[in-house]
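As written, the chains take the letters A, B and C, and residue 1 is the first residue of each chain.
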Amino acid sequence: MTQFIVRRILYSIVTLFILSGTIFLVVRMTGDPVLLLAEAGASTEDLDRVRQQWGLDRSWPVQYLAFMENAVRGELGKSFNYRMPVSELYFERLPNSLILGLAATAISLLVGVPAGIVSAVKVNSWWDNAAKGIGLLGLSIPGFWLGLVLILVFSVWLRWLPTSGAGDWRHVVMPAVALGWYFAASMLRLTRSSMLEVLGSEYIKLAKLKGLPEVVVIGMHAFKNALIPVLTLAGVNMVVMINAAVIVEVIFAWPGIGRLLYEGIFQRDFPLVQGVVIMAGFMIVGINLVVDVVYALIDPRIRLTR
Amino acid sequence: MRHVRFRVFAVAAVLVTVAATALPTWSQTKVTPKGKLTLAWHAGFASRWLDPQEHDGTATPDNFFTAIHDGLIKNQGTTLYDHPALAEKFAVAPDAKSATFTLRRGTTFHNGDPVTVQDVKFSYENYRGAKADVFKNRTERIELVDDRTVRFVFKEPFLDFAILFGTANVTAPGWVVPEKYYKQVGPDAFKQKPVGAGPYKLVRQEPGVKIELEAFDGYYRPVHTKHLVMVAVPEAATRVAMLERGEADIVYNIPGPLIPKVSKMPGVTLAPVLSGSFFLEFPGFQDPKNPFHDKRVREAVSLAIDRRAMNEAETAGMGKVTGNWINDDVQYAIDWPEFPRNVEKAKQLLREAGYPNGFEFSWITPLPTFYSRGERIIAQLREVGIRGRLQTMERGIFFQKLRGGMKEFPGIQMILHGVRIAGSWSFWYEAYFKCGGANSRDRVCVKDLDAKFDRYEKSINAAERKKLAEEIQRGILENHYLVPVFRHAFVNAIGPRVTAQKWQDIFPTITTGYAYPWEDIKVKE
Amino acid sequence: MSTIATRPVVAPRTASGRLARFVKAAREAPLVAIVLLGGLVFMAIFAELIAPYDPTVPVPGATMFDPPFWMEGGRTTMILGSDFQGRDVLSRLIYGARVSLIVGLMGTLVAGGIGTALGILAGYVGGWVDQIIMRITDAWLALPAIVFAIFLAAMIGPSMWNIIIILGAVYWTRYARVIRGEVLSLRERDFVKLAEIAGASRFRVIKRHILPNVMNTATVLASLTVGVVIIAEASLSFLGVGVPPPQPAWGLMLAEARPTLMAGQWWLTVFPGVCILLIVLATQLFGDWLRVRLDPQQRNL
């Protein structure tokens, strides 16, 4: 087991290494940040001065080495735009993103899991079709459109909720719904198919044969087993929601990491984009690591096959 | 519609060393600031905008540092650059080889330190933002004459000094930061917790998201509103919802389709501030094989464009159809009559030029993200048989390509620029017309006009400069080297809680799109 | 997560079997999905013939924001009204079917192609190749699509094909994971072992034995991806890096018209929204049907 964990951690490091190299290159090939930071009438001297100030006049390998050297020491560099360490900016925004991510995950689970169970238990019934309908709406409505409709209805017409920004719980409701909605659909799908798979398996049939009441069979046995993949997906989804909820954060002016990333990209704030992506990578790698280890604990065969 | 005509007579006036000295009488009356004003800003915030020492030269940071900081002289109201602020008077020597400023008495920074001539000197010498090299190269020394008087001495006559020095959306070496504090915390920390001598002091900043300010009671003018909060709301529809719900009092940048809706909101006033100029460029028209090489073809393009329809559709008629591609709020900009629309004449000119059936061009590339303006031009040009397609570019890529010059725009192309540069007409010429200019690169290059511009730059004779400036501008317009389209309106809205008879009460400064001077804005309880 | 042991590897290939399967399939075929998809494909192919106007230029005489014909101020010549440019909404929707279908299908094809190829490579070759591919797959999740979008736009200029490449580049990872898992177990199966012992080259084994057996999975995954890709196209347009205007992609129409939602011109967002809904509905129904046919286990894909 120890050997397994060590191996997985090594994999994670390789993953982060690939990620850092890719984002470093890709972001640099999107253009020169200096042009966006200078005025319409800037002279070449102006531009060179700015380039030098940020070390952009150095060659890419040198810049990459400097970036990695800092990253290893836990520093992600200084943002061009904010003149602050990227890690500081990231952690300043993180609580907001956590709140939003958790709330949206809760919504996606609260909607997706019960609906998925019902539709799996009552396959092809009216319930099943209703659940499929919800899933379809979740998959086919773009987040920005849903977000604006929510603002229009609940802020402008009904005047129940504030339009945007962060504050108390009322500020979280609409962004969390707009974000969780899409993921609820995938939760629903996964819960349904996962439940169907478990319900069709031999031991559930056996349990039914043994005469256990259906509620117990579904509630205790089937649900418990079907839950593992659902929670795994929920975990991965949450990491995505925390780090890349760009559209919802832009619509609702939510001060989270997604917006930080969005503005960083359009401003060509290289250190910021690199930093946020690396942090997201850390989280993804981390959650994958946990999932792998937990799975390996549950099912020892995995240790050998992977 | 505001329609300010102001001719620039400034240099002559400055040369005879005149400056406003009278302090406004109302500054003596004490006002207790009250209430809260929330401003919804149309993008993210960058902390660097809170430090005038690193002014990026765009027309963006002045929104912020006019609240927190103050300059010796500045653009305010209809004053282009010489409104006395921290300096109560100033004078440029008749030979334009020095400028002398006298500080207002008793001004302090937010931390209580007095504003001294040493701070002025430090701010000027330490300034490293846009056009820093211009000031560095031309300044010989700074004399601290006494504890209220500072004199900048130049190596040679520096005619553009005052106009550069006093225009907040061009450069900021004249915006005074406290030397002691700046050195103590360093330039980075200064951007997080700036201390200035402006009407508002920083209470709290969430980088990129929110800036909370409070009235500074040591300011030399009365500050009317106690709390000023700026929040960044990138999505326009959300900003309008905030206005409708009373969450924001001033909302910037309302897109065309929402203007009619906002104009109908009860108690809301639209503030269509005239902004950048949109004009067409023909990259590489000097090549005889390029159809735009023929002046008649360029004129046909100009005749085919329906400028009024453009203004009507894009800014609900709140922009302005002007004749010159250079905004009239800068030094030496000339008046030019509106270009006519005449489809028949355009077709005839095309026939004469040898294109009886029109011709095709590859692309028109509009300034991002004003793509719909490009689409309208394509539709209008189609009527005379000039056919082409729209090329969209992400903002960063667009500027990168502009700086790349001709090679990034091969074939037959048009670029629809949208530009606002304050200060002097010459900054426009330098950036968008001159051969080797930062944005024009090698795409335009008209030799005889460039030669005249060199003479303009070298001349120290104001009358001659003015004459040359006008000649050059006429040369561009008469030959249709650039084709002006219209002047964009940066449409803002003022909510019912703000005290205003008309929108100009809140947006009185004609050289900016923003609502400063902030200290004058009042809110209802 | 699943076992594949009981799956029939290759279905019987007799003439009568084929006929029987065809009849059965025809009876179970998802009529709604076929009608919808058929209609959309028809619109896409024959847009020039059906659409009343050119979708990229204003209709002569039209003003902007003409409402649909049944509303006050609407006109019967433009039954779904006009947009911000005075263009015919109906024509844009019809041509939009073409752009959106191409983006949705090609994006899925690119994603499926890359993902399946890498998944097979990783699963079959194994060793360090597998390691590298799977590490890249992990790393990919953290890379935001907008960065790619701007990167490609900077490299080769904006175009619909860029969007396809970007969406393909974003969504391939799921295929790679699932297919790899499947190949890992296929590799252990007797018929693959036998082929290898018989001296078949790796390429031949992949072509003859592996690929046909993962195609079902890939197809089912693809049916689920089309809708996701079309929505992603809308999101990229919202961020300003989607299909370049004036091309009438539904996602772009929705994104461009979003301010009008607040101003009361609902038809500019609702109609493209409904079109997207319909195409997602059709592909989902089709996918469900495919799944029943191709993947009896109904695994979690």
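As a convention for this text, a residue touches a chain if its C-beta (ideal position, glycine included) is under 8 Å from a C-beta of that chain, and two chains touch if they have at least 3 such contacts.
Because the structure is a prediction, the values reported are computed rather than measured.
A.B. asks: Given the two chain pairs A-C and B-C, which is bridged by the higher number of C-beta pairs in contact?
C.D. replies: A-C
A.B. asks: Name the chain whose C-alpha centroid is most distant from the C-alpha centroid of subunit B.
C.D. replies: With centres defined by C-alpha atoms, farthest from subunit B sits C.
A.B. asks: Report the inter-chain centroid distance for subunit A and subunit B in whole angstrom, where each centroid is the mean of the CA atoms.
C.D. replies: The mean C-alpha positions of subunit A and subunit B differ by 40 Å.
A.B. asks: At what distance in angstrom does the C-alpha mean of subunit C lie from that of subunit A?
C.D. replies: Inter-chain centre distance comes to 22 Å.
A.B. asks: What whole-number Å value describes the gap between the mean CA coordinates of subunit B and subunit C?
C.D. replies: Distance between chain centres: 45 Å.
A.B. asks: Mark out which residues of subunit B touch at least two other chains, giving numbers and ranges.
C.D. replies: 237, 241, 394, 396-397, 400
A.B. asks: What are the residues of subunit A that contact at least two other chains?
C.D. replies: Residues 30-31, 148, 152, 156, 250, 266 of subunit A each touch two or more of the other chains.
A.B. asks: Check each residue of subunit C and list the ones that touch at least two other chains.
C.D. replies: Where subunit C meets two or more other chains at a single residue, that happens at 150, 154, 258, 261-262.
A.B. asks: Using the touch rule from the top, collect the residues of subunit A that touch subunit C in their complex.
C.D. replies: 11-12, 14-16, 18-19, 22-23, 26-27, 29-31, 132, 135-137, 139-145, 148-149, 152, 156, 190, 193-194, 196-197, 229, 236, 240, 243-244, 246-247, 250, 261-262, 265-266, 273, 277-278, 280-281, 284-285, 288, 305
A.B. asks: Mind listing the subunit A positions that touch subunit B in their complex?
C.D. replies: Residue list for subunit A touching subunit B: 30-33, 35-47, 49, 78, 80-84, 89, 92, 148, 151-152, 155-156, 159, 162-165, 250-253, 255, 259-260, 263, 266-268.
A.B. asks: Across the complex, what residues on subunit B touch subunit C?
C.D. replies: Going by the criterion above, the answer is residues 236-237, 240-241, 255-258, 260-261, 313, 368-369, 371-372, 375-376, 378-379, 382, 390-394, 396-397, 400.
A.B. asks: Which part of subunit C faces subunit B closely enough to touch in the complex?
C.D. replies: 56-58, 64-65, 84-85, 150, 153-154, 157-158, 240-241, 244-246, 257-265
A.B. asks: Looking at the complex, which residues from subunit C come into contact with subunit A?
C.D. replies: Against subunit A, the touching part of subunit C is residues 1-2, 131, 134-136, 138-139, 141-144, 146-148, 150-151, 154-155, 184, 227-228, 231, 234-235, 238-239, 251, 254-255, 258, 261-262, 269, 273, 276-277, 280-281, 284, 297-301.
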